[in-house]
Amino acid sequence: MAKKPLNIGMVGYGFMGRAHSNAYRRVGNFFDLDYQPVLKAACGRNKDGVKAFADMWGYESIETDWKDLVKRDDIDAIDICVPNDLHVDIATAAAKAGKMVLCEKPIARDTREGEKMVKAVEKAGVANMVWYNYRWVPAVTLIKQIVDSGRLGRIFHYRANFLQDWTISPDVPQGGAGTWRLDVEAAGSGVTGDLLAHCIDTAMWINGPIKNLTAMTETFVKKRKDAGSGKVKDVGIDDAAAVMAHFDNGSLGLFESTRYARGHKALYTLEINGEHGSFKWDLHDLNRVEWFDHSVEGQLRGWTSILVTDGEHPYLGKWWVPGLTLGYEHSFVHAVADFLEGLATGKPVSPTFREALETTKVCDAIIKSGKSGRWLDVK
Amino acid sequence: MAKKPLNIGMVGYGFMGRAHSNAYRRVGNFFDLDYQPVLKAACGRNKDGVKAFADMWGYESIETDWKDLVKRDDIDAIDICVPNDLHVDIATAAAKAGKMVLCEKPIARDTREGEKMVKAVEKAGVANMVWYNYRWVPAVTLIKQIVDSGRLGRIFHYRANFLQDWTISPDVPQGGAGTWRLDVEAAGSGVTGDLLAHCIDTAMWINGPIKNLTAMTETFVKKRKDAGSGKVKDVGIDDAAAVMAHFDNGSLGLFESTRYARGHKALYTLEINGEHGSFKWDLHDLNRVEWFDHSVEGQLRGWTSILVTDGEHPYLGKWWVPGLTLGYEHSFVHAVADFLEGLATGKPVSPTFREALETTKVCDAIIKSGKSGRWLDVK
Amino acid sequence: MAKKPLNIGMVGYGFMGRAHSNAYRRVGNFFDLDYQPVLKAACGRNKDGVKAFADMWGYESIETDWKDLVKRDDIDAIDICVPNDLHVDIATAAAKAGKMVLCEKPIARDTREGEKMVKAVEKAGVANMVWYNYRWVPAVTLIKQIVDSGRLGRIFHYRANFLQDWTISPDVPQGGAGTWRLDVEAAGSGVTGDLLAHCIDTAMWINGPIKNLTAMTETFVKKRKDAGSGKVKDVGIDDAAAVMAHFDNGSLGLFESTRYARGHKALYTLEINGEHGSFKWDLHDLNRVEWFDHSVEGQLRGWTSILVTDGEHPYLGKWWVPGLTLGYEHSFVHAVADFLEGLATGKPVSPTFREALETTKVCDAIIKSGKSGRWLDVK
Amino acid sequence: MAKKPLNIGMVGYGFMGRAHSNAYRRVGNFFDLDYQPVLKAACGRNKDGVKAFADMWGYESIETDWKDLVKRDDIDAIDICVPNDLHVDIATAAAKAGKMVLCEKPIARDTREGEKMVKAVEKAGVANMVWYNYRWVPAVTLIKQIVDSGRLGRIFHYRANFLQDWTISPDVPQGGAGTWRLDVEAAGSGVTGDLLAHCIDTAMWINGPIKNLTAMTETFVKKRKDAGSGKVKDVGIDDAAAVMAHFDNGSLGLFESTRYARGHKALYTLEINGEHGSFKWDLHDLNRVEWFDHSVEGQLRGWTSILVTDGEHPYLGKWWVPGLTLGYEHSFVHAVADFLEGLATGKPVSPTFREALETTKVCDAIIKSGKSGRWLDVK
């Protein structure tokens, strides 16, 4: 049976533009789905830049203004891979034009912008998704499945960290292509929206809603040069953030993120402790899950390192053979596979804009509590 | 040259009584010191119990009332290994009687009691020490030495956890021999004084004073049977605690402790992140330090797992040969060695009562903030 | 500049057919090269099977007889992904027809067949390569580069294992699509050609030629059903093999492979010990290298775990950002990139057929010594 | 009940003299046994040296000639901690004098000497033991117990390594106090008797007798200065050895030892692969066992890291609490505990001289095969 094309209009061609394009191109080689993404158009303000990108990835055409892209009849879905400050305008316009919208995380700079986006896609009735890609790392999906089965019993603790070290030097600028994440205008926040948002999304997916929290935020380097103007400006983002929280289920949450943890590149770790068992996971060794099963007889009890490469593990039956590992980029392929599956079945893939907005509410509370030092309800 | 005897009067004969006795007996076989501990007397309320203990360890005599022990002329030093509520009375009486005092940690149930103890030993002018034994794990001592050398540059983060899982069952009682740590009257607090106190002590030893903090505490099991009376009583201790803090040096602290982390037995982990390097350590693999040296050329940079068993590592020259590891109990042997060295040199070993009191001030702030939800200065 | 197409004719559509196809399709998205592989034709005896494969991967056409494929004018290169017994005929015919030949490892069932293939491609003067893909795992490439720099000094030891557990059950058949590796007619040997061949190839690449060896081989399950006929037949392959060897440089080699090591899926590990340093690597954690640098000052010396994901690591500048890992399949992408680079520069990529034949000579000696129990020179 | 004294006469006061003395002194503090070792006399040729040792460890007296020690009526057991060439004379004389004999491993330089020793102790009917101390590491004991239970099913593979790096420098002398292990006259062999002997002993204890083997041995540094005379002499020991073997039970053995594996200090690792499960262990992390249980449901199957510190683990109930680790020296304490238990019950502890002789037979075959390159039966 011939596959239905899904014509993609990509906005942005940086790191995330590449990760998503790769996912669109690969999904059909491994997953047998009704829909086949077609790389219809890539859009970016710099014509040479977007042209080179389009050539490298096989996009059929280019645009230099997202407003033109959104108007095109031959585009089914808009994928937003540009800095956070542009999400709201592009997403609402795309929805209005009847396009599906896939948006990089976080959904927007803050809850207010995110709410507009939720309204827009829901009013338009278009499929939508936010790319919290770590949900689709098979090891993380496995944890979600086992926790959902109830096997861990009552949950006591959930903790997660996302540690990096790339902004320790005061010579790293803010703003600009690779460093807009340091500019509060473009990003909305620092590590909170960029890194903690992943931790929060996974946490609430696995362990349910967060009720309230208190946060500590810090800006270690107070002034940085602007990559565009070259002027030294105050740094408005949070360089580091820690959060203590209560989940609705009575368990305690502890989160930390920083770009000043020398030696850690992208160390996203999570752990959940339940009455009958615990899980740990770590992005640097993403094919492994650590699992403690308290029901095992005493002498042989311990932490089991599961190499998540068997055919019965989530998504793995589509890839290679046991023992052969996947990498970072496969999480995006799985996201696309599930999105396309959702189109076919009518059961939308998670997280939708509405679901992803919950994470941004938590992030807003983190930033606010980081200033006031007070416990805040998340709502 | 003949060694000077140091006559020990031990109060208590539980887990810590054994760990300390072992240290006294072994130190002279490995460390060549001016003083030699002599196990003069063991004291405990249960005569049969203390007799059996004395026989096992070679104590020359027994007492059943610590007041009698403190009066004896043939005792040089009183070692306090009983529940926290007894520390203040024994320590002040011992000091008054002119005895040196070695006290298990935490110094007392709270700052107020601890202050009395500090005054007592300082007024009496007797040698004193609190057994924060993890300082004497060679791997931890090594971290302290390198951090003190300034090699890490500006410090950004310090984080530590102490995770256990032995009180998850609601059938564990409070009070009694093995479970007084669950009884707030005996212990003063729960994980804060028992476990976090270790994390705080090491943290301030390595990274300097804590300025302020905010804490989250939780009691998961609200009622437990009293081991003595058999009656069900409210649980007054903190089952779990998390802390966010600022150090005086501008770095951020994050601490967590619980007895509800299924799978972890005594998982004390610590990490410090500086501008030029980072260290990690973990009590379950106590002979190892993880070290990241940013100055190494790029391609070969990474986390180095140092097996702390070489002759040039702290304390290791006294033991076996490279590759052969030490265990938990060796930390106590090193503590005694340093205490005796301090007697010989007149340079008192750290932590003294006064130094250990600082940790209890932090613990008091944790408990208080856990109730109010507010940031508190430590003073 | 437009890229030159390289029209691929793929023979076989099993596991390796997929791995290679994936490499051809992806290389141009990440590596900017003069040549662009084009998936021109896929060939297999089962028409429905090869049709489904061609649809999944975007091959433009199919063939059911490799002789027809070899004759086609629109094919530049033949890629051989079928059982080992077919390598010699296809490769020699392809070379004769002037096609480049890329052949799965081992080059053939034995040295005699391999020699024919070497002669054929050299006589035809066509580009050729054998897919010893683990050379292109960036961590392994890094080891090769550092060893070549001389930094390790005199080499004393090289050891490697390749451990699996998938044939422990006597119910696994021999012959057939997924199990031809157990049929000595199709495979030529068991673990020796399938797994040890990888270890030997990497070893000689990094540490130079093997001079002589003695081997122990074993067939644990003596009879298995034939997947085709259903008849029980003697098993002719080696289920396990161990090898002791001398390298030309005076170092000692120790190798082991088995499919009966319960718990190991594809555990290819290697280690090299030199005077000044050592390396270890493990396929299950393929993004890491363990490195011991004896020149580091004593107290901080240890094994460094290098996460090979930085831009300066081999091939990594083409992928994501530090901390984000690659998987098994990327090794094939790098192989294609280097093959295409070799076409452009005229400097053939290694291992050519001639180079890969050296590994098969060692494998033949292993099988022979496994029978005689004698030391054999490799020649 | 008063304990029966067991008066120890220690011959030698080097590294092993310290390890054994420590075991004698500590055993009674942790194990409640009928017998109590008494450190009666220490013997060594250097009077000042042995005096200092005796003072440090509390030996009641000293001797400078082992013949005088053996004659003394107040000695029950002779412990031999001197170089291997002295074992046979001391052990036979001690047995003749009716003393129990505890001898460091290997039992002797070769089988011939060992046989004399076996005859001597059996003729005299005295208790005897060889200190293959790694049997008493609780993690190793646990492996033995589970394998004995049959839980692993048919065994396919046993492999063990003992890797060090302390003799890489050609400046290390042979002969003398710390370096007699490099002198073939004193030691009998190099790594084979010193290190491989441990691997072989554990292997046969866990996996049964070795039937035949072939070995590769190497001397990397051919000449070294004699520590005594200062003259450069040929090196007669094996610097490195590898062994391939068949066990009686049909499984394959692979062993390697060297003192030229840069970065490894005392890396004794072992692994056993059975039909239903596998174990791994490593001396550098001696409190852990890695266990693979194939019977676990597929998705959650993996290698379990067991922290062997629970009360139900072998010997652990006598020590601290879960999570708190033991070190190298504890293996000797357990050996003494079992030896004393054997005296009380009349069931001799293993390995006796007779049992330990089997390991030396294997070692002799290794040395012999290392020269001839032939497979040899062990007999």
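Note that the chains take the letters A, B, C and D in the order they are written out, and that residue 1 is the start of every chain.
Quick note on the criterion: contacts are C-beta pairs under 8 Å (C-beta built on N, C-alpha and C of every residue); 3 or more make two chains touch, one makes a residue touch a chain.
Since the model is a prediction, treat every value here as computed from it, not as a measurement.
When you average the Cα atoms of each chain and compare centres, the chain farthest from chain B turns out to be C.
Annotation: B-D is the more contact-rich of the chain pairs B-C and B-D, by number of C-beta pairs in contact. Mean C-alpha positions place chain C and chain D at a centre distance of 42 Å.
Rounded to whole angstrom, the centroid-to-centroid distance between chain B and chain D, based on C-alpha atoms, equals 36 Å.
Rounded to a whole number, the gap between the C-alpha centres of chain B and chain C is 55 angstrom.
Across the assembly, chain B contributes residues 264, 303, 307, 310 that each touch 2 or more other chains. Those residues of chain A that touch chain D in the shared complex are 142, 146, 291, 293, 296, 298-307, 310, 312-313.
Against chain D, the residues of chain C that register as touching in their complex are 156-157, 159, 165, 168, 214-216, 218, 220, 240, 242, 244, 246, 252, 254, 256, 258, 260-264, 273-278, 292, 294, 303, 373-375. Residues 15, 18-19, 21-22, 25-26, 28-29, 32, 56-58, 164, 166, 264-267, 283-287, 307, 309-310, 320-330 of chain D are the ones touching chain B in the complex.
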